[in-house]
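Letters are used for the chains, namely A, B and C, taken in the order the chains are written, and counting of residues starts over at 1 for each.
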């Protein structure tokens, strides 16, 4: 059952081939057995899941249930789940049980999906390897001495290991796409403002966006249709009709103009990855798409701009964690300043502290113009590059990551080495565009991903292209060894 | 050495909206701690702000009332600092693009001369919560109540155009009058609805350069503001004359103990690291909205004062006293309407009522004698049902809660006797019972007879328990006595 | 590039994060390396380019001024570390 896609599960549930309770129990058993090997799931909500599954079965029996009714999923532990511990991968929230649901969680609940638990992640979504979690690293199911990518490493590994057919995740600089690529699965970060950020613990408010991870574009389309909604509680959420993403999957890609940025194929790109990506592009060309070389000249500014803007916003977003209203509090604070400085020094891990300090620096008096001001201007330039490109092409494609999954600790000493992992994904967040990754090959027995970048609110087309690609290739069907037992 | 003073004010005005600026929690005064602090106000993880339309409209109305430029596109910024009553660790405020720009406020000095105080700008921001240093909790800690957190404020910043405490108070009172008149603030100083920060500096008379200024924060009474300014001016002058220099610092003034002190000034000035708030989008106010608000703007104090002179025939002085305070003018007008006598209404409102309210430190909005009730009382004086003297007694009765003027007149049998038949009888009886006085009167010289009338009046008033209509009695007495001559 | 010790201490104070003396050098080194990365921005020609604060082309929605939140103090204070009498308790605040 765990090898069925969500689309197949939906059909199976509706035609009574199996019940949601059976399905849920099956995945709960798999998590119990296999998760210790990956550490992808940090909270399992078995009782609630079985209750929800039973309720879903009743709804299915009554007929007319929504598509995802009875389908088990996992939520990245960044989404507030009412009554269930939501840690954001941090000691700071190790004891935090929210009294409210994130809108994303609420949407799935309305649809009757079954929540199996919460997945591991880089602390406060800051990281590209899931090595910064308070709950320990996540192992990549393809190669357990390697990272799964981050920050949504738990969700990616869980889906790859078939611990759940789909999972929610978030992407601020590549945190859906990069782990999707490194774990050989499909993930999409929608246009900024497509999915509500209410109840999604904030890292960098103008960059964060929630999206689904699953084993195919078809499955992602089902999940995204549920996740996307207009939410009045989020001022940055755009009021725009949510299309039925599944209905346009089968459009032809004939005549599709694919932009291939030359800056995404420069030095630093693993040759094996490049080969796999170019093969994928050729595959689409064979289907009738047209490859057009484009230039995104300000690409080189992406990583520097991001590492000013994201930490700056984060430094303010994380100020609320002060030991006063909720979360971790240091023992016996001797005065107010001690309460703050020790709670935050003990509650936050090293990477989080580093980013807060960087953010504080970039915003401080005397540095604002040179750093924050400049970065916001660079952001404008980067967006202009994309706007110009989309006048000539329909979608943009290239590698998701510079190389396949790397070994734990290999980027340890130099934070910048880790930051460069996001070199191809970051620009899309800065521009607010939608981005996606689909598996397109193996290098050194590890998966690599093809990135698809679309124009604003063009998720339907991206999912369509990805689906067409997946109809003629089998990378997305491959499973890591040892996962089937 | 002669000195001149330069004063600027920053005034925080709580807007009288029903809900907070960024959440739908109530702003009603006096609730139990933290019962009006929702998840957004508590800065719980994943919560987001949505802007209150009424707060925007109230801010624009203020701008219109002072003839200011309206910021048709304004933006919010984050002001970052740590304090327990600031749950997010930043205050959402406006800096670069405030909603109201330059404007003017005219003040009138005691000598009748006028002066314009320029407004630099007014911006929207959220209020912080409250720290309680003692209460129903253990020793050695402070208790934080976040009910007030998120209440909408406009901060009004003046240019340093005031030259002495009198002008500063006049300005403060004028602002109070304006904001209460247009209905954007309830003006309850004791509840913290308006708070003043005073920037004071001195310089040798005739010089142009500004001296170093100090800021005395959080004054919430005109009296305390006056005291604080006078004290600070004296302190600065003494300091400089003794060879010292004024240090730029923040100060507090305790109106109860009359002590002013510096606020932990040894610490480095806070670097607030302002940056645009990514959770809130640009605030647009259309020309249509501005015109509609302008059309519906309630009467401004200057216009009202002029109208009082014209409509009610009040003197300039009376019109100024009654017209400047929104609550008092509303009271006066209702009293006038009910009683039909503006002059009496003015006298009673400014006289008897104001004195008693002042004595017992009650605001006119909480007056135990309502405008309707006072109007009812005045109507009975105007129609001669009771004498002026009786009226005071009735007033006290209404204050004590005995009911309306009519209720009390009825209950205590205070109705002035004006029935000529009854009075005739009364006078006749008194004359008959006082033959000696009558004889004395007849035998007195004509020129000296007037003086003797008082004696008869006294007896008649005594006999009628003070309820005889004196004017009528006079007439009847004169007639009867002349018949006896 | 490295950041001066006193700068780190200033940042740590602004951000209210206690940094152990023994780690300051390490912190300084790593921060310095990140700053070298972001310094690459200086080479960009941004003359006349507007700053981009929001990736969406939209304006702020306005909410009707109606009370929508009921008193949920107990539920919202359940995650709190120190509550008495409905108040959040902190070490004494000195003004």
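We adopt the following convention: a contact is a pair of C-beta atoms (placed from the backbone, for glycine too) under 8 Å apart; a residue touches a chain by one contact, two chains touch by 3 or more.
Here the structure is a predicted model, which is why all the values come from computation and not from measurement.
A.B. asks: Mind having a look at which chain is the central one, using mean CA positions?
C.D. replies: Ranked by how close its C-alpha centre lies to the overall one, first comes C.
A.B. asks: Considering only mean CA positions as chain centres, point out the chain farthest from subunit A.
C.D. replies: B
A.B. asks: Can you check how far apart subunit B and subunit C are, centre to centre, with Cα atoms defining each centre and the answer in Å?
C.D. replies: Once rounded, the distance between the two centres reads 40 Å.
A.B. asks: Which integer distance in Å separates the CA centroid of subunit A from that of subunit C?
C.D. replies: Computed from C-alpha means, the inter-chain centre distance equals 23 Å.
A.B. asks: Measuring centre to centre with CA averages, how many angstrom lie between subunit A and subunit B?
C.D. replies: Each chain's C-alpha centroid was found; their separation is 57 Å.
A.B. asks: Which subunit A residues sit where two or more other chains touch them?
C.D. replies: Within subunit A, the residues that touch at least two other chains are 96, 98-99, 206, 232, 235-236, 315, 319, 322, 324-326, 336, 340, 360, 364.
A.B. asks: What residues in subunit C touch two or more of the other chains?
C.D. replies: 14, 16, 53-54, 56, 58, 60-61, 63, 72, 76, 82, 88, 90-94
A.B. asks: Quick check on subunit B: which residues sit in contact with 2+ other chains?
C.D. replies: Those would be 39, 42, 44, 50-51, 80, 82, 84, 144, 271, 273, 278, 280-281.
A.B. asks: Okay, in this complex, where on subunit A does subunit B touch?
C.D. replies: 79-80, 86, 88, 93, 96, 98-100, 102, 197-202, 204-206, 232-236, 312-313, 315-316, 318-320, 322, 324-326, 336, 340, 360, 363-365, 368, 372
A.B. asks: With touch defined as at the start, can you tell me which subunit A residues reach subunit C in the complex?
C.D. replies: Of all residues in subunit A, those touching subunit C are 95-99, 192-193, 206-207, 232, 235-236, 238, 298, 300-301, 303-305, 307-308, 315, 319, 322-327, 329, 333-342, 344-345, 348, 353-354, 356-358, 360-362, 364, 370-371, 373-381, 383, 414-416, 419, 430-432.
A.B. asks: What does subunit C use to touch subunit A in their complex?
C.D. replies: My answer: residues 3, 7-8, 11-12, 14-20, 27, 30-31, 33-42, 44, 46, 49-56, 58, 60-61, 63, 72, 75-76, 78-82, 88, 90-94.
A.B. asks: Residue numbers of subunit B touching subunit C in their complex, please.
C.D. replies: Against subunit C, the touching part of subunit B is residues 17-19, 23-26, 32-39, 42, 44, 50-56, 75, 80, 82-84, 131-133, 135-138, 140-146, 252, 263-264, 268, 271, 273, 276, 278, 280-284.
A.B. asks: Once bound in the complex, which stretches of subunit B touch subunit A?
C.D. replies: It comes out as residues 39, 42-51, 78, 80, 82, 84, 87-90, 144, 271, 273-275, 278-281.
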